[in-house]
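Multiple structures are listed underneath, in structure tokens.
Next, two complexes with chain A in common: one pairs it with chain B, the other with chain C.
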Partner chain A sequence: MENILIGFANVLQPMNLLICLGGLFVGVLFGALPGFSATMAVAIFVPFTYVMEPGAALLLLSALYCGGVYGGSIPAVLVGIPGTPASAPTAWEGKALVKKGEGGRALHLVTLASCFGGFWSSIALLVCAPLLAKIAKMVGQPEQMFVAIFGLSVVVMLAQDNLFKGCMVAFISLLLATFGQDPVEGFPRFTYGFSELTGGFSVVPVLIGLFSLPEVFKMLEDPFGKMTESGKVGSMKLRATDITNNIGNAIRSTIWGVVIGIIPAAGPDIAAFLCYNEAKKASKHPEEFGNGSPDGIVAAESGNNGVTGGSLIPLLTLGIPGSAPAAIFLGAMIIHGVRPGPTLFTQHADTVYTMIIGFALINLLMYFVGMFFCKCGSLILIIPKSILATVIVVLATVGTFATNKNMFDVWVMFAAGVIGYIMERNKFPTAPVALALLLGTTMEKSMSLTRTMYEGELHMVLTRPLALALLLLTVFSFAFPLIKIWRTNQKEKLRSND
Partner chain B sequence: MKKKSLALLMAAAMVLGLAGCGAKEEAAAPAETPKTEAPAEKTEAPAAPAANADGFYAGKTVEMIVPWGAGGGADVACRLICAEMEKELGCTIVINNVTGGGGSIGLAQLAEANADGMTYAYFANTDSNGDIMLQGVPYNKDSFAPVCKFAADPHIILASNASGITDLKGLIDAGDGKTLWGIGGAWTHWDFLKLEFQDATGASYKRMVYDGGASVITDIMNGDCTVGTPFVSEALAAIDAGEAVAIAITSAERIDACPDIPTVAELGYEGFESTMWRGFVAPAGTPEDAMREFADAAGAVCAKAEFVAAAAEAGVTVDYTGFDDFQTFYAENHESVKAYFEANKDM
Partner chain C sequence: MKKSFPDMIISIVLLAFLTSMAVQVPAIPDVSKGYPIFLLGISYLMTIVLLLKSVSRMKLEEKQETKVVEQAKVIIPYCGLITVYLFMMTKIGYVVSTIAFMIISLLYLRLKNKVLMVILSVVTTALIYFVFTNFLVVILPRGSWL
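For the complex of A and B:
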């Protein structure tokens, strides 16, 4: 308790508050630019923290991390380009709401849900970190494999309207995910002599191309009509029902987010997709999903921000990073001589509690910083589409190049854009591509490791309780939408018989 | 028309507003760089009093390709030394993380870079054999000009609690070919350490290849993997938490960060030493004078006690080899890695 109070006193020092605010501003900016991610924001600022006190340094990095994860959703709503893959579900709903002229409301929902998820995940970090760290120890390779398969079951839900096309896209994308070196021997597959393909397709360029360019092409279809028009921002005000209907949804998604954060191989992107899927299953109006559902935004946002606190739990207690930015945190903490592990909470109590209390405070401050960015950013909608289209192409190109500083990625991005446009015109869903690329590599890796572990007796995997539970959950998740379709069909049959 | 000009006005207002935000940030955090959008960041502004003001590098900007992700062991080591070398050389060193393909994509980029002394890359034990170990790699040993080595990091051999292995003897007794030995990346130094250990002790273990040291440690903690060889900075948290047993360290002598852990050599395998070295290379054909100046600057940094201490805290064991000695070292290392690989590639 005393440590918590010391933490409060440290965080509330004016200099530290300024660091939190500055970190948030930069973090949100990084998240909002496509191609720049929370991971990059944290990585770039690590060297600047060398001269700072450990507590202040960790506050800055935390602010960058939280801001970066949140910031990706602003362009997702405004122009339909997810700043980071974790904002893809928000992009579908946000785009639809903007078309209805409710962009302001969508942005406010995003901000509120992000802060909710982030805040409660930091409370989880403060209150029950050692307890939750046990989960991290239970998750081995077989469990990671089942988490990935479970994640893929989302495809069935996302592509409910056209199951055949959805599954086909997912299968082909899973095949694309196997391009590049295999995870065990490093043998290059499907590289066709391009050394750039040795590492496989990077997810970010494909997603930027797939989600942003088709929008531009659609604008070009009608150069003289809609091109000269501009959108409306709409009021930032929320409806009372937005909050009352979504409390349960937000709490469930935050819990999912924290748990996904603890699991080493899964990050904010997977949490966003899974929470979106769970919300759709639980929703009374699943037909609204994809057409501007506030529930979908709340679920994805509280889920992906819930990861922030969750991923620090195994990091602080066991030194295991739960996500890519958490891995950079680990490096930074070691450089500052604050080594994670059980001794952290006794030897460096003041630093670590400053960080945890700061994490909660940062998520509260994020609401105000976020609303400020949303107000500035929403003016984008007033720009005529002819200008906006150019800006989107420039941003997509620069963002893709920035990820790896590699021209090859830019060509991949453009190719993905053209293919995405053809897919959309022929009513093929693009969402399964994102999921399959994000999960394919993890799945392959954990599958081959599981095979090494249980060579010749793979059925022994089922003796692991968590793996078995995940398997059952997956079966349920695959079957649920099918049963639902079947039942509505039955009902319709009965009705037509009457 | 009116509407259009209004829109333009608003757009201008937005741009100004954003610029305003930028200004505010700078005021809020003066220590941060104002260039947040720059894709490749500076590690530090050029040091004002250049130690080598009339040198080849004074006032110039050097690109350092790190073929691994930001925040990892290679990246941290590079950033630490480059920040100091900037002061020695009086130049700016821009770190460029080019990831993918087990480091081969970044090194391919270096091999194609101009050999004018303005581009260097981070390099480690197994990289010169990339063309033999990984198919489709466009460079070979002769694509690079070795410059210097600045660190050599030992591994700690860890065993899981569930395995019941508590010392080196127990580990060797368990070496029946079925015990799982976690590798932090195919054909990185982890693999060669395992081969060297098997050669020295006569035991044999089953190879289990992961995508990084952190995953190996996680699986040792939960008992799925039996043995692993993480670097010191990665392993200490698990040892302190009592979640894994430290068996031995692979350096020739015990190190300050963990003085209680015995070396493999002192436990009966005299002369056993296996460390992962970290160094720099330039594209083949780079002027020798430039490379010498670069190597000497690294040497001057490595001689500073405070740098050695800071590096040790980050888990980097400073061990400098200068330009001339490194030429032979590079060639010998290449041959030894190649021999091990060819003898074991069918595993």
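For the complex of A and C:
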């Protein structure tokens, strides 16, 4: 308790509060720009922390991280371009709400759900870290394999309207994820002679293309006369039902987010898709998903921000960085002489509690910073479509170039945009592409290592309790929507017979 | 155009793409090819099913009127404009190519205010250039012809 109070006292110092606010502003900006991410924000600012006190340095990095994860959702709602892959589900619902003239409401929901997820994940970090560290210890390759398969089960739910096409897109996208060096032996596959493909497709350019250019082409579908028209922002006020109907949804998604954060290699992207899927399953109105469902936004946002605190649990308690930002945190902590691990909470209690309390405060401050950004950003909607379409192309190009600093990725982004537009026009869902590219490599690697671990006797995986639990969840996740589709079809048949 | 016609074309293109991948499989060592072969097999199967379904549906369908041709007349030239922009970016650099692209794009999309068009193109390009090079430390293409 004494350490918690010291943490509070440190965080509430004016300089530290300023650092938190500054970090949040920059972090949100990084998240909002296509091609930039929370990881990049944290990485770029590590050198700036060398001259800071360890506590202040970790506060700055935490603010950048939380702001970066949240920031991707602002362009996702406003122009349908997710700043980061974790905002893709938000883009589907946000876009639909903007079309209804409820962009302001969507932005407020995004901000509130993000703060909720982030705040409670920091409380989990404070209260449950030792307990959750035990779960982290149980995670090995078999568990990672089931998490990846579990993640892919989302495809079945997302593609309910056209299951065949959805599954087909998922399998072909998984195949695309095999391009480049295989994850175990390192042999380059399907490179077509391009040295740029040796590392496989970079996910971010594909997603920028897939989610931004189809929007531009759709704007061009309108007769030219409408290109000078602009959209409506709408009120930022929330309805009472937005909160009352979504408390359970937000809590469930935050818990998922924290748990996924603990699992190595599973980050906010997977959490957002999984939580969106779970919310759709639990919803009384699943048909609203994809047409501007507040539940979908709340689930995705509280889920992906829930990861922020969760991903730091194995780092702080075991010294294992479970994600790219966590690895950068580890580097920064070592530079400042704070070595994560079991002794961290006793030897560097003041620094670590300053960081954890700061993490919670940052998520509360994020509401105000976020609303400021939303109010400024929502002006985008009153820009005529002709200007918006042109600026989207330029931003998507520059954002993609910035990802890996090469033009090949820009061409990949353009190709993905054209293919995405053709897919959307012909009712091929694009969401499975994102999921398969995000999970494909992890799945192949963990499958291969699991097979090696058990010398081909894969049934031995079931002796691991966490793997068994994840397997059951996966089976349920695949079966539930299929049973639902079958029952709906049966009902429709009965109705038509009557 | 018949409703299932695009599905048929897409499945033919996909089959060609999958075949181009299948041709490369023998060069992959045994230890690395099991997983892609499995995915390739399923992808082939599903694409063939889609092709057969679309062909059988097309026989029963009647032609529908769509705006595809009118929309293509607008979208395809714009795709061409983007292609030229991306190609020229490596030749004449980010700044010149982006200003030129923005002005041509805004002209094509019929923005009436010409002064706004020029100011917007120059200011947006300069702002992005400043943020990316100075603040985010990304060196944007400078162009091999300049």
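Everything below uses one rule, namely that the second predicted complex is superposed on the first by the 493 of 498 C-alpha atoms of A that agree within 3 Å, B and C clash if a C-alpha of one lies under 4 Å from a C-alpha of the other, contacts with A are read in each partner's own complex, and residues count from 1 in each chain.
The rule is simple: contacts are C-beta pairs under 8 Å (C-beta built on N, C-alpha and C of every residue); 3 or more make two chains touch, one makes a residue touch a chain.
Remember, it's a predicted structure, so these values are computed and weren't measured experimentally.
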item: Partner chain(s) touched by A:Ala402 [first = chain B, second = chain C, both, neither]; value: both
item: First, second, both or neither for A:Ile44, with chain B first and chain C second; value: both
item: First, second, both or neither for A:Phe164, with chain B first and chain C second; value: second
item: Chain B versus chain C as contact partner of A:Val393, first or second or both or neither; value: second
item: First (chain B), second (chain C), both or neither touched by A:Glu185; value: both
item: Chain B versus chain C as contact partner of A:Ala327, first or second or both or neither; value: first
item: Which superposed partner A:Leu379 touches (first chain B, second chain C, both, neither); value: first
item: Touching partner for A:Ser195 - first (chain B), second (chain C), both, neither; value: first
item: First, second, both or neither for A:Leu318, with chain B first and chain C second; value: first
item: Partner, of chain C and chain B, that touches more residues belonging to chain A; value: B
item: Where chain A meets both chain C and chain B, residue numbers; value: 33, 36, 44, 184-185, 187, 384, 387, 401-402, 405
item: List of chain C residues in touch with chain A within their complex; value: 6-7, 10, 14, 18, 20-21, 24, 28-29, 31-33, 35-36, 39-40, 42-43, 46-47, 49-50, 67, 71, 74-75, 78-79, 82-83, 85-86, 89-90, 94, 98, 101-102, 105-106, 109-112, 120, 124-125, 128, 132, 136-141
item: Contact footprint of chain B on chain A as seen in their complex; value: 18-19, 21-23, 25-26, 29-30, 33, 36, 39-40, 42-48, 50-52, 60, 136-141, 180-181, 183-188, 191, 193, 195-196, 198-200, 202, 230, 264-265, 317-321, 324, 327-328, 330-332, 334-335, 337, 339-343, 372-373, 376, 379-380, 382-384, 387, 401-402, 404-406, 445, 449, 452-453
item: Residues on chain A engaged by chain C in the complex (per definition of touch); value: 33, 36, 44, 164-165, 167-168, 171-172, 174-175, 178, 182, 184-185, 187, 189-190, 192, 216-217, 220-221, 224, 227-228, 384-387, 389-391, 393-395, 397-398, 401-402, 405, 407, 410-411, 414, 418, 421-422, 425-426, 428, 444, 447-448
item: Sites on chain B touched by chain A in the complex; value: 4, 7, 10-11, 13-14, 17-18, 21, 24-25, 28-29, 31-33, 36-37, 39-41, 43-44, 69-73, 75-76, 79-80, 83, 96-102, 104-105, 108-109, 133-138, 180, 186-187, 206, 208-211, 214-215, 217-219, 221-222, 224-225, 233-234, 236-238, 240-243, 310, 313-315
